[in-house]
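So that you can tell them apart, the chains are marked A, B, C, D and E in the order they are listed, and the count of residues begins at 1 in each.
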Amino acid sequence: MYTGMVIGTVVATRKDEKLIGCKLLFTQPLNINKNPMGDPIITVDTVGAGIGEYVIYTKGTAARYAARKLDAPIDAAIIGIIDNVDIYLDVFEKK
Amino acid sequence: MYTGMVIGTVVATRKDEKLIGCKLLFTQPLNINKNPMGDPIITVDTVGAGIGEYVIYTKGTAARYAARKLDAPIDAAIIGIIDNVDIYLDVFEKK
Amino acid sequence: MYTGMVIGTVVATRKDEKLIGCKLLFTQPLNINKNPMGDPIITVDTVGAGIGEYVIYTKGTAARYAARKLDAPIDAAIIGIIDNVDIYLDVFEKK
Amino acid sequence: MYTGMVIGTVVATRKDEKLIGCKLLFTQPLNINKNPMGDPIITVDTVGAGIGEYVIYTKGTAARYAARKLDAPIDAAIIGIIDNVDIYLDVFEKK
Amino acid sequence: MYTGMVIGTVVATRKDEKLIGCKLLFTQPLNINKNPMGDPIITVDTVGAGIGEYVIYTKGTAARYAARKLDAPIDAAIIGIIDNVDIYLDVFEKK
């Protein structure tokens, strides 16, 4: 799974009917310093995430499980809102 | 899912028979500023998209669900036509 | 799906028995100008493609559907021979 | 599968309920010289790994098998703790 | 599928029990000139490959089919030993 920041919304009136009711959000992938890394993707929100929230997202078949829509054309979904991250970069110094 | 622009068509007479009836379109991946990013891929159209349209596409197994052809050799499909995108890049300033 | 050029053959006597009978071809990924892009991969031919042909290939589970061998260790397959491609790059100028 | 170093933890109170009970760890991908390569991902621990441990992790559907949670939104999991690695780079000289 | 060179071994005593009996080998991805390309991955050997052998490997679900272990956390496997490769780069000159 990956960390990201919710940065926007997408509206598509004409779409696969299995996406009806899915909230589509742009999520910007982040590195561990919370800086943007690579390009945003469109994710389905499954946890009530809002703009600016720091989230966990998943890709592939896992995203359809998250959305509880196994036959929908979904390949990315937000699955958690991050409260806290602890990083121990000194593990590389001890090597 | 990803955003892209439909930029072309592909004709293949000799092909997997499960692709018969599928409209194959070149889709150029876009970044959030709607600039091209990386190389175009071949997508199956499932929503009636035309050249120059701004679309959502999906990859992998999700694409076969989109095409309603679970046993076809499809790994990318257009699943929506984008009406509007709202991006809030100021979320990074508030950090 | 992706566009590529068939550029070679691979012979492996000792291999997974589910690959017996599969023609293994090196396919060079191409960009829309038909120039090489990235490194060649090994694909299973499912349409009678020959050296130098301009093809469509697919990756992942879709490749096993193409080969009609759902339990074989295949992750890439050629699924069509391209007759014609039309690209409309002026869609970006009209933006 | 890939080699990595466990470098941190993630806490998310609001999350997919199928992740309850999963220990979420940041794993830094490593190259064969045990140097960081690319960006950390979030993995589910399935072997009792701790901070600073040198691990094997897997991605995609394989990660759900590792977690014994086939319907959870998991796409990466730690599946082993590495005791020893032997690399023979001289195979390239003999070529 | 991809070509690689077997360059090493991995020992992990503490691991997913479904990996017991699997030989884990580091495989270095190669380009068509047999030069290293990118970083090695851990593959399960399914054909009796040894250090220094030139092999075909597969990724994702295909790797679990290769290992005949559909519920194991495997995402890469060696599926053949390459006897010979013929590359015809002049196809690009004829274009």
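Some observations on this one:
As a working rule, a residue touches a chain if its C-beta (ideal position, glycine included) is under 8 Å from a C-beta of that chain, and two chains touch if they have at least 3 such contacts.
Keep in mind that this is a model prediction, so the values were computed, not measured.
Centre-to-centre spacing of chain B and chain C amounts to 19 Å, using the average Cα coordinate of each chain.
Averaging Cα coordinates per chain places chain B and chain E 31 Å apart.
For chain C, the set of residues touching two or more other chains reads 60-61, 63. Contact topology of the protein chains: cyclic, one closed ring where each chain has exactly two touching partners.
By the touch criterion the chains form one closed ring, and its order from chain D via chain E is D, E, C, B, A.
Chain D contributes residues 5-16, 18-19, 24, 26, 34, 36, 39-43, 51-52, 60-61, 63-64, 71-76 to its touches with chain A in the complex. Remark: chain D residues 1-3, 31-32, 37, 46-48, 56, 58-63, 65-66, 77, 79-89, 91-92, 94-95 touch chain E in the complex.
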